[in-house]
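Got some structures for you, see below.
Each of the next two complexes has subunit A plus one more chain, namely subunit B in the first and subunit C in the second.
Moving on, here comes the complex of A and B:
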């Protein structure tokens, strides 16, 4: 486990110290902000459209995070150092996956501003400096401090990220959740986003393991994720001819499974699909890395 | 030696060239075939069959030339662990598929919404579990061009249909666009664009409202062989129940359309005179006397009592200042006050009842109702033998004034010392067991009396956040012994409507579209510079 955490910490530090991590974070905040703001301007104070639309832009953003994870190691030859060190392929893959997942969690935590903004928007009297705006400032402060501490040499990034995450949750729970008409869909929405994102990251990691070219890894990851996205549209197309195939296609559609989370429902089928996709891709990645070692 | 092998090599090269061409031809034909199969979906099976035979021949030719090379290459691939890796990949894919297949069949759900609006009631689950035949649902919703008006309905309906399909494998649905599938839509003869058809065997029912109550009601009716109806008594200036109303009190058309949604057949009835046909409880689920302006005739009272004594069900809604129907109601243990119930704080005859008599089937899940121009109706101190009369809706004592001897033609005095400041009962339920237990199936007569008619009129049934429509349908379903429908609690919509001032919206736009993304970029640049 120590080896896994060491690799994960190395990865998360590299995201916080490279432009790619912050460009993806900024893009993610801009697009989620857009999908949160537009319904709000149309007088709908809900996170559901933001959660539902996430599938599309995560398809484009997340392969950018995973494309370099193994492809770069192969290209620069550092994979050989990693493979000759006393870590197993599974530990290496799991460490990289945990690292990129931790960065994705930071991205999600940065959107916890939305429940706080909703509580500001719902306030009907006076200037709602507290809790809304104060909450947003504390949240931004917490995240900035956590990130700064994580990249400071000598500090271990994962405990700082975990502490920032925990503190942000406490802030939002205390200051916003009680002000919203219902908190269930907010909680399930974030759970769904985490599971969806983690499974997308696992797909991206697999693509990165199959090539030494980062661009190829990105494009293959993008095509695979887009395929998993649009497969849902095919189900309507084949439903008339072969209904059972339509059922299967509909079931493997990642977008359909996010619907329940966005509504406020947790279904074991949805969790199972995302987790099995994650485990399958990680197992295949381990296999692909093992093949590299034997070659 | 060289002379002997040269022709053989040339011959071999020709064979390889031939196989090479056959291989490419096979590839092109395979692509064409796949394209054909996808585009026409096996319409011309003979064409596909011929193509498949030619493809097989081409593949065989290719293998004839390249078989040995392929074999050597495959063996090399196997030796390098390729087969092993491929088997692992296939095993992982099959394992994941099987686990998901099991997970899809045995699954659990947790509905974290405030009012559990994505959880079907126990009654609906019972109805779905009891299905012995497949129910095919074809739901129509206009597409993008009408999204502004029907997008929400489509989303809610889709959510609901998914819940039903998830609860029973016998419930299958498909969504269609009435403009795309226009011919099918026209053939089905649906009355509105947002509608669904439920078919079971050769039976069909239409759904025009997408609520759990309406959908389960339709399923119940679909599985039932007999059809009962609700009759509206006419001839006493009752409230109109269809179309536009000239009655200043309004119309019951919304409540009636909701009753039709839960599959009741509605008809008028006159019970005046000895020749009037006596309603039969086997066919008539209930008779409604809605806001009469004249007292009932003796012959009508006789017919109503006969109907009730055979196990009939009657709903009466009265108005303050109107006829009391005391001649009919006193025999059933209901006393009607000649008074007006007034809201003390609002200084209005319109009043809200919060959580009306929870615990009763009729009011289960009903958070609040709105009433107006009501008179008191109370259980008689000496009810007739065998009858039980209980209050259904009571007002809050603090906010109620009961003005006695109410005359609609005289002004109301709120300061009169005769006024009473006490809780008013404005609806009662009377029930009478007609045959003793142990002698066959026990029958019962049921009578519900409301002190106001206004609660069932369009303006109050359509009033948002109040449950008047559910109170009407629950009452009729209970009277008609559709207990399954009564127990489906109405789900209060948790509105996401939010009105944000323009200045706040501009602030939010700057926050989300500028500040946060820039903060992330700025943080990245700061860390980069610091590390340099």
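Moving on, here comes the complex of A and C:
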């Protein structure tokens, strides 16, 4: 377990010392902010549109986080030093997976500002526009922090980011005197987003284990995840003609299972789908790493 | 410390390593010598536990690298040939990471990292990003990585490859300094390197061991003629004729030097010492003897000699290129 955590820690650190982590984080916040703000300004103030849209852009963003995990180690040969240290393949793969999951959690935590803004919106429902501005100010604040940290190489960026987020959260919490409305769906929505993202990351990690080329790892990961979305859309087309196929698809569709979480429903079937996808991909990744050593 | 028995590894049909057997004692520096593609890296990767052999066994500190892989890996440090390091980490973080990964306790962590920094002379670069280091420093950080957990066995694949002459000398000193109680197993395709750095040499060619011995023994064992270099100021043809006529002299070649003297490369038989005869003959004739020097066989010659014996006649041309 110590080896797993040691590897995970190194991976998290490297997301904060390389531009990839910041670019993905900034892009994620920008798009999430947009999908949060637009429905909020236009109509009802809930998180559901944001949670649902997230599936689509996570498909594009998450493989960018996982693509280097193993492909880079194989290309540069660092895997030789890593795997001649006393760690098993499973420990190495799990460490890397935990590392990237932790970074994803940071991404999700960064979006906690949106539900908080939402609660402000409810608390001061007379002025619905005002909280939106607050949200944007906070978004800009966090992005600035991220960029500041990214352009000062060598310095430790973590304190910068932490300070940025802390400031943002303090401001919002002070504003959010009212209680969080509809807190159930928000919490389950985040749980669903985490599980969905983690299974996407597992798919991406597997792709990274299969090649030495990071771009190939990204594209294959993207295609697999897009394929999962397309299958989901297909279920709508075939619902009339062959209903049982639509039925089967709805069982394995990563998107439809997220819907339940967004509604506030925790179903073990939904959790089971994501967890089994993760376990399958991680097991295959372990095999793939073992095979590269065998050759 | 390192015991290798009948190690065999195939890449497709080609046996990259073919029945390699040798052992290295505690505190010994064992040089692994052979041309590129002889199977050095493959053997080292197997011993380091990176890939399993197809046949045979390798043991590090008594642990089988396949059966007790993790335990064996705890006792070794390995630096691959092209020094693959994490470029986005600082030297200090990098060493701390591998020390932790290899089970150094929290209490000893700092001491171990500092000891590795000191031993390899990279302490002043501790806070540098590895990607910004020069080649020589990079190599030293690679070695620091291999010894940060204080292993019994160090495996260094081509530790002087790609370094400039000054760095090569520094690297040799460093490796000798690291010896202590450790077994160091290093490879090189440069023969004087092996000679300068190791106690014993394993010569490998096309996946097979062709000789294992100390450098001194290798030279004397294979030496069939006494080689001398004689520099004389005198009439070239006459001197050559006189030398040729001496008993015990097998062959004399000559060439003129720039300052008017002549160098004779003399081969004498191993049974008699011909040096006295040569010097008296020259002095008696009134010529000037400028230099008389015994030449030992170079490792290049040893290598060619050994591999020529192993190979079929048709393959000798290929050897000559080494």
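Keep in mind that, in the parts below, the second predicted complex is superposed on the first by the 233 of 295 C-alpha atoms of A that agree within 3 Å, B and C clash if a C-alpha of one lies under 4 Å from a C-alpha of the other, contacts with A are read in each partner's own complex, and residues count from 1 in each chain.
Going forward, a residue touches a chain if its C-beta (ideal position, glycine included) is under 8 Å from a C-beta of that chain, and two chains touch if they have at least 3 such contacts.
Since the structure is predicted, the reported quantities are computational estimates derived from the model, not experimental observations.
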* **Superposed partners subunit B and subunit C on subunit A - clash or fit** => fit
* Just subunit B (first), just subunit C (second), both, or neither: which does A:14 touch? -> second
* After lining up the shared chain so the two structures overlap, which partner does A:2 touch, if you call subunit B first and subunit C second: first, second, both or neither? -> second
* Touching partner for A:102 - first (subunit B), second (subunit C), both, neither -> neither
* **When both partners are placed on the shared chain, which of subunit B and subunit C touches more of subunit A** => B
* Asked: A:139 contacts which: subunit B (first), subunit C (second), both, neither?
  -> neither
* Asked: Which holds for A:193: it touches subunit B only (first), subunit C only (second), both, or neither?
  -> neither
* To do: Pick one for A:81: touches subunit B only (first), subunit C only (second), both, or neither.
  => second
* In whole Å, what is the nearest CA distance you get between subunit B and subunit C after the fit? -> 8
* Shared subunit A surface residues [contacts with subunit B and with subunit C] -> 17, 294
* Structure fact -> Touching subunit C in the complex, subunit A uses residues 2-3, 6-7, 10, 13-14, 17-18, 76-88, 153-154, 293-295
* Interfacial residue positions of subunit B with respect to subunit A in the complex -> 41-42, 81, 85, 88-89, 92-93, 96, 99-100, 103-104, 107-114, 118, 159, 174, 494-500, 504-505, 508-509, 511-513, 516-521, 523-525, 527-528, 531
* Give every residue of subunit A touching subunit B within the complex, in rising order. => 16-17, 19, 21-23, 25-27, 29-30, 33-34, 36-37, 40-41, 43-46, 48, 110, 113, 117-118, 120-122, 136, 140, 144, 147-148, 151, 181-182, 184-185, 187-188, 239, 241, 251-252, 260, 263-269, 272-273, 276-277, 279-280, 283-284, 287, 291, 294
* Structure fact -> Listed in rising order, the residues of subunit C that touch subunit A in the complex are 45, 48-52, 70-71, 73-74, 76, 78-80, 82, 84-89, 93, 97-98, 100-103, 129, 145
